[in-house]
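Both of the next two complexes hold chain A, though its partner changes from chain B to chain C.
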Partner chain A sequence: MRLSSYRRELQNEIKRLIHDPVLLSIVVVIFALLIIFIIFPLVKVVQFSLWPGGKFDPKYFLNFFRKTYYWRPLINSMIVGSLVSLFGTIVAFIFAYGITRTDIPGKGIFRLIAVMPIVSPPFLIALAAILLLGNHGVITDALRLNWDIYGLPGLVLTETMAYFPIAFMILEGVLAKIDPSIEEAALDMGASKLRTFLTVTLPLAIPGIASAMLLVFIRSLEDFGNPVVIQGNFQVLTVAAYHAVTGMYNMPLGATLAIFMLLPTLMIFIVQKYYVARRSYITVTGKPSGVGLKSTEPHVKYPVLALMIFLSGVILLMYGVVLFGSFTKIWGIDNTLTIQNYLYVFKVGGQYVLDTIQIALIATPIGGVLSILIAYLVVRKRFIGRGAMEFISMLNFAVPGVVVGIGYILAFNTPPLRLSGTALIIILVFIFRRMPVGIRDGIAQLQQIDPSIEEASSSLGAGFFRTFTRVTLPLVAPAFLSGLVYIFVRCMTAISAVVFVVSASWQLLTVALLYEVDQANLAAAAAYGYVIIAIVLTAIVFMRFVVERLFQKGFSPIARE
Partner chain B sequence: MNDLVVRFEHIVKVFSEGTHREVRAVDDFSLSVARGQLVTLLGPSGCGKTTTLRILAGFESATSGSVYIEDRCVNDIPPQKRETSMVFQSYGLFPHMTVYENVAYGLKVKHVPKAQIKRQVAEVLSLVGLEGLERRSVGQLSGGQQQRVALCRAIVTKPKVLLFDEPLSNLDAKLRKGTREQIRRLQQELGITSIYVTHDQAEAMSISDAIAVMNVGRLQQLGTAEEIYSRPANRFVADFIGEANFLPARIIEVGDGRVTIRIFETEITVEQDSTNFSPNEEVEAVVRPEAVDVIEVDQGDVNAEILFSHYTGSVVLYALKLPDGSRMEVQVANPKERGLLPVGARVGLRLHRKSIHLLKKEL
Partner chain C sequence: MKKGLLILSVMLVVFLAVFTLGAAKQVLHIYTAFDADQAEVYINAFMQSHPDIDVKWVRLSSWQVLARIRAEAANPQASLWFGGSNTSHIAAAQDGLLEPYKESLAWQFMPKQFKDPDGMWIGLYVGYIGFVSNTNFLKKVGAEAPTSWQDLLKPEFKGEISLAYPFSSGTAYTTLCGMLTAIGSSKPGFDPEDDAYIKAFDAQVHHYNESGSACITQVGQGEVGIGIAFSHDILKKGIAKGFPVVMTFPKEGTSYEIGGMALIKGGPEPELAKIFYNWALSKEAQDLYKQFYRIPLNPEATVAKGCVTAADVKVLPIDLLWYGEHKDEIIDHWHEVTGK
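Right, the complex of A and B next:
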């Protein structure tokens, strides 16, 4: 009986889908896109690794364990990932605690500084580290030190600075949601502040801390920009795969290394999503009160404040030194100020600027609309394969950029889908790599909107298309536009996946920056960095202006309860 | 009036989570609604009334069974093609549109000429007293006004069936009564066949041509307000609609359209269809609190002792202990006239003969 009613519901679902041709065709088209541009490249990676030359032959796979040269980068990546995850989460926790749980001044500025590394090209930090601590670095010279920033110390330093903002955003949310009355209850029963922190606050934050550590670990593991600049002889997996593909043209080896990058990130992603996220106490007790218990004791407040000032100083110093470096003649040798680097960027790299902006402007709206459409289908529609659609479209959240890049050159190098060398392949990488965040935000936004608004539209006779364009899209417009900004920013700053698909005819700013670093032309690299930052900031300011103009009427699309 | 606009036939809706857990939200539900009638689905939350309404609108599909609108089976017709309009509990107004744009939306979808849209919108807004607010954004309106915009938006397209999903539950009590009258008046004037979902029995009873009482997904009774109150089909309906005392009684004699019972050592003859009853059967007598007179001790059918008195001004509700130890509630209207009785007082109770309703004992 149970099974039969389940089967009948399933039949009804299929029938409904067939009777709604617009929805059906959209679902089919999206599935086709997801399979071609997400699943197919991953399948290709596995195929090239295990079936090199068409026959099953696990020699590359087995060789991985035999030769130190192959498995050492994996160990190195793990070491870097663990350290970065630990230090990044500690730094993030200090910032999050200071902002949500104390009454220190200047919270807005600290917050801004803490999220700054998100909107800049990630490896700008590595460049800054070289300018500060490298052979001709400001600090190296000033203190007459004789050290080597390249290798493990540089990797840990730069990735910690680059990825602690992700942990910060998670921990800030978690700490802000811990109901202060729980802490007050502990204090009421006579526990000291420290005891309350250790026995109440910290345990409640543990799921959040675990999430933060895992995500930072993934980010570190898949980071390509910083290691390629600063790894020195401490080879990590992403760079090893890059060299295998672009230096040795050894596709099976590159694919094999990609698999060993993919396995841990996928595992961690699943652990984080299905295990840690479910342990959260916050969602169970969750009354977001916003106001935390503010600790005002000087012995808590001032050490936290001092640490935050120090860390913020380090971040500002890094951005400052890159800015300064972009105006020097030859970094470390002739530090006279000049604007020749910027002239150089526009003369040599002018085409790159145009290419990058053009590609970003094409990828952004397509990616944005596709994300919202998928979010809409997942939240509002019931159809066969809805769960699969959500899973596949979110998959690239866990797949390292290097794996995506290798997958794309393997998948789209031969007919019928010969895309290598075109702008289209870069656009596709951007769209399908940035979609998960757009979908996640779209889902969150749609869940806030009363479904009866859309039901009203269809009960008044409007079909799927009209309801989506006239009702849903205007209602999610604010989230949609900020999603567009996010995609645009990531297009401007991304490197790890696209480095594989750029070509002589289509070049990107980030890749040009990397080239200058490679040529030891640090001043020009710094200028490229600031050109990117300027474009990103312009886009953010412009979008904010547009949003304010469009929505000054001030409707609230959120359903009133 | 045999012209049926809506027909539910053996509707079953199962919500399943995979193959191992399932909930039967609607269970073998059948109902017909004639043209121009307003039928209310009434029941406690979770009884399946909203699911039934949403199956009619097309937002949910029935697991089995069929829905007909004007003799056309609409099982596989998407909501936008069913010509039903819903007034939602949360109104579901388009927050990014003005009052005019909200009401005109359904007409625009139907490609009605612009001039005609203008006329029809003005017409319908004036019906509910919202003329002059066309340019307002719906966010600037009060709750009651928003509710009326939602109503206008639903009726302006002249749907075959108008659906109401607890439309008044977000209004305060005073406003609710006025809006209730307005909905009923409009519905009758325009002659729109309507299905109305509510958990508020007073709302249901005042507004409906017929009420379908639902519980755990099943139709319990279909009848007018008077029928479901005075002749409830079962214990659930008797208990859910108003207050009820269930008193044990034994059947002495069964006649044509009359049943004689023994209750509290007294023999009473009740006017009721007797076909289901047989002599010597144990039954339950439904006695409404207001259908009992409180009189001098030893003067009535039974004596009782007052345990508690709930004085609310217009009435006083006495909780009483009967000789067998069971509890009964009796309501006395206008207590000022008769004087309040103290807790512990012994009184006599006399049951109103005509108001007693007998139910088969439920196992």
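Right, the complex of A and C next:
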């Protein structure tokens, strides 16, 4: 009975697809793209690890368990990931609590500072850590300290600063949704503030906290920019894989390390998406809960405020020292101010600036439209493989950039798809790496729009394409445009995947920054960093202007991790 | 939505304008192992004397260049490999990744120890490994600058040494070859004494870099106490910059490189690459090494004052050919010994 109804459903879906050839062809094309540019590179990674040279040979795979220098980086990555996920979530919670549940002043500024690390290029924070806390950093020298920032301490510090914003945005949303009347009820029944916090607020926030911790863990595990600068002798998996591929050309080893990076992130992604995310507690009450319950007691408010001021101070200090460093002649020895580093960036890297902007400008609209299109199909259309389409297109959220990069060089270096050395391969990496966020946002946006508007268009005789471009797109336009800025920002600041696919013809600013760091040219690296920041800020301001002019609506390109 | 379309089309025009900037000229693609600030000087000089050729280049460490060329073997993206320790060129020649070029006059006049007999690569300059120490650091720990490979193992230098990874950097691989030659038997490759030395040395290392010359700046800024790099880089990036550093050499003899250049097999612009190749060996190009303290191999080019030459240091009899051909083996063993 069930089987036959299932079969009938299937027949209906097939019939529907055949009757709508435009939809059918779009679905087919998108599946082809997803399989070629998401699944195929991953298959190649597995193939190179287990079938090196074409024959099945688990040598590299088994060596992973035998050789210290294979498995040690995995353990190191796990240690860093756990600590960063813990500290990052704590820092994020302080900010989120202060902003949503107290009446401290200057919330807007705190919020801005908390999301700042998201728009900044990689290594910037690691660079700042060295300039401030290195063996001869500003603070180290001023306080005559004798510590060593390289290795675990530096990794935990820099990644916590770099990735707590992701946790912050999740927790801010979660805490804002907890209905204050529940806390009021606890207080009315005589519970102390602390008890209310521990037994009511915190438990309600647990799923959010778990999500935040898991996502920060993934981000730490896949981080390449900070470790490559500050790992010292504490080698992590991403850098080990980078060495295997770029230094030793040991593709089977690189692929094997990639697999061991992929397994934990995939597991966490699935746990997060299908288990934790479904457990969110939404406190529904009869009355609208507009104004939140704000802690006004000094003994709660001021410690939180003090911590937030301290943490914000640390973040501002980090950006400040890098900005200052970018204007020094020889950092630490001759601090005369000069613009020579910026002249150097434009002399040596002028072409990279153009390359990077061109590539970002191509990848951005394609990635944006493709994301909205997939979101639209997933939300509005019924067709076979809809769930698979959503899963595959979201997969790259969990695949570390280093794995994507290695997969792309393995997959697209030989005919029929020989893309190495082209701008196209970089553009494809950007599009498929950044799509998940665009799709997720698109889905959220579309679910809020009544489908009857589109149905009206269809019943008036408009086809799929006409309805999509004339009705759906305009409705989601504000979200779409701020989504474009997100993709653009990411293109300007990405490093972990693209470092494998840049070439003599197409070079990116972040990779040029990496090479300056490689050569310990910290002042030049800092200048590259601020050139990137300047481009990113220009893009954000420009889009903000456009969106506000066109739609008279709010605009928040940053808040979308 | 007319406004939106207008904005979008404005964006499209801007983007097309950016996209079509630059074009027209013939383009030569180069991988270079010279540091970016130096490569920029050499390549700009070339473009000035050849206004019809535009050079697009990427800087990578020696072995990263080789990894890149291997990865692109089926579809080479660059035509010329400019600079880098010749052990990496030897390894590339062995893999059949280079294009022989013997017709160049420079090649014919080059003494045979500075070129491949089959024309696969040619020398540009020679360089000798030296130690760079921060003088404030030496004062603090009350030690003399190291003057032998064994000195590097002194307890006061523990966790204070920085150099590059030998698998990515030509500098660091040249250093490793020197250690293996100087310690124990001078036969190429590891022997038990070498194992013990490398293990002990690794314990002294604060961290490894990707790039060979990075440690000089780190020593200069006091991030670490001692670095190991090429003497021309120590002169340029350490002493000439005014960092508080001294340069010393191991008395057992030091390691050396021949900085090389090669045509990449199947590269997209073989003719342009040859023009660059011949230019790079000319007096005009080799005179540029003066400002970077490199020792040019063109006998007509001027050698900078204060350069470290073969007369100034004892040089180890290193079998560069063997080390070039056995790099993977050496690195595998290095991994085993250091666990890194």
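The working rule: the second predicted complex is superposed on the first by the 542 of 561 C-alpha atoms of A that agree within 3 Å, B and C clash if a C-alpha of one lies under 4 Å from a C-alpha of the other, contacts with A are read in each partner's own complex, and residues count from 1 in each chain.
FYI, a residue touches a chain if its C-beta (ideal position, glycine included) is under 8 Å from a C-beta of that chain, and two chains touch if they have at least 3 such contacts.
The model shown is predicted, which means the values in this text are computed figures rather than measured ones.
A.B. asks: Which partner does A:Ile409 contact after superposing on A: first (chain B), second (chain C), both, neither?
C.D. replies: second
A.B. asks: Pick one for A:Pro474: touches chain B only (first), chain C only (second), both, or neither.
C.D. replies: both
A.B. asks: Touch test for A:Arg8: chain B only (first), chain C only (second), both, or neither?
C.D. replies: So A:Arg8 only meets chain B here.
A.B. asks: For the overlaid complexes, name the partner, chain B or chain C, with more touching residues on chain A.
C.D. replies: Touching more residues of chain A than the other partner does is C.
A.B. asks: Should A:Arg418 be classified as contacting the first partner (chain B), the second (chain C), both, or neither?
C.D. replies: Only chain C is touched by A:Arg418; chain B is not.
A.B. asks: Could you look at A:Glu516 and tell me whether it touches chain B, chain C, both or neither (first, second, both, neither)?
C.D. replies: second
A.B. asks: Considering each complex separately, which residues of chain A are in contact with chain B in the first and with chain C in the second?
C.D. replies: Overlap of chain B and chain C footprints on chain A: residues 474.
A.B. asks: Hey, which residues of chain A end up touching chain B in the complex?
C.D. replies: Touching chain B: residues 2-3, 5-6, 8-9, 12-13, 15-16, 19-20, 450, 452-463, 466-467, 471, 474-475, 553, 555-557, 559-561 of chain A.
A.B. asks: Enumerate the contact residues on chain B facing chain A in the complex.
C.D. replies: Counting only chain B, the residues touching chain A are 12, 14, 16, 18-20, 22, 57-59, 61-64, 76-86, 88-96, 105-106, 109-110, 137, 139, 150, 153-154, 157, 163, 165.
A.B. asks: Of all residues in chain A, which touch chain C in the complex?
C.D. replies: 67-69, 72, 130, 134-136, 148, 150-151, 228, 231-233, 235, 243, 245-249, 251, 330-334, 344, 347-348, 351, 354, 357-358, 361-362, 409, 413-414, 418, 420-421, 474, 477, 502-505, 507, 512, 515-516, 518-522, 546, 549-550
A.B. asks: Where on chain C does chain A make contact in their complex?
C.D. replies: Against chain A, chain C makes touches at 1, 3-4, 7, 11, 15, 18-19, 21-22, 27, 29-31, 35-37, 40, 56-61, 63-64, 66-68, 70-72, 74-75, 77-78, 159, 165, 167-168, 205-211, 213-218, 220-224, 241-243, 328, 331, 335-336, 338-340.
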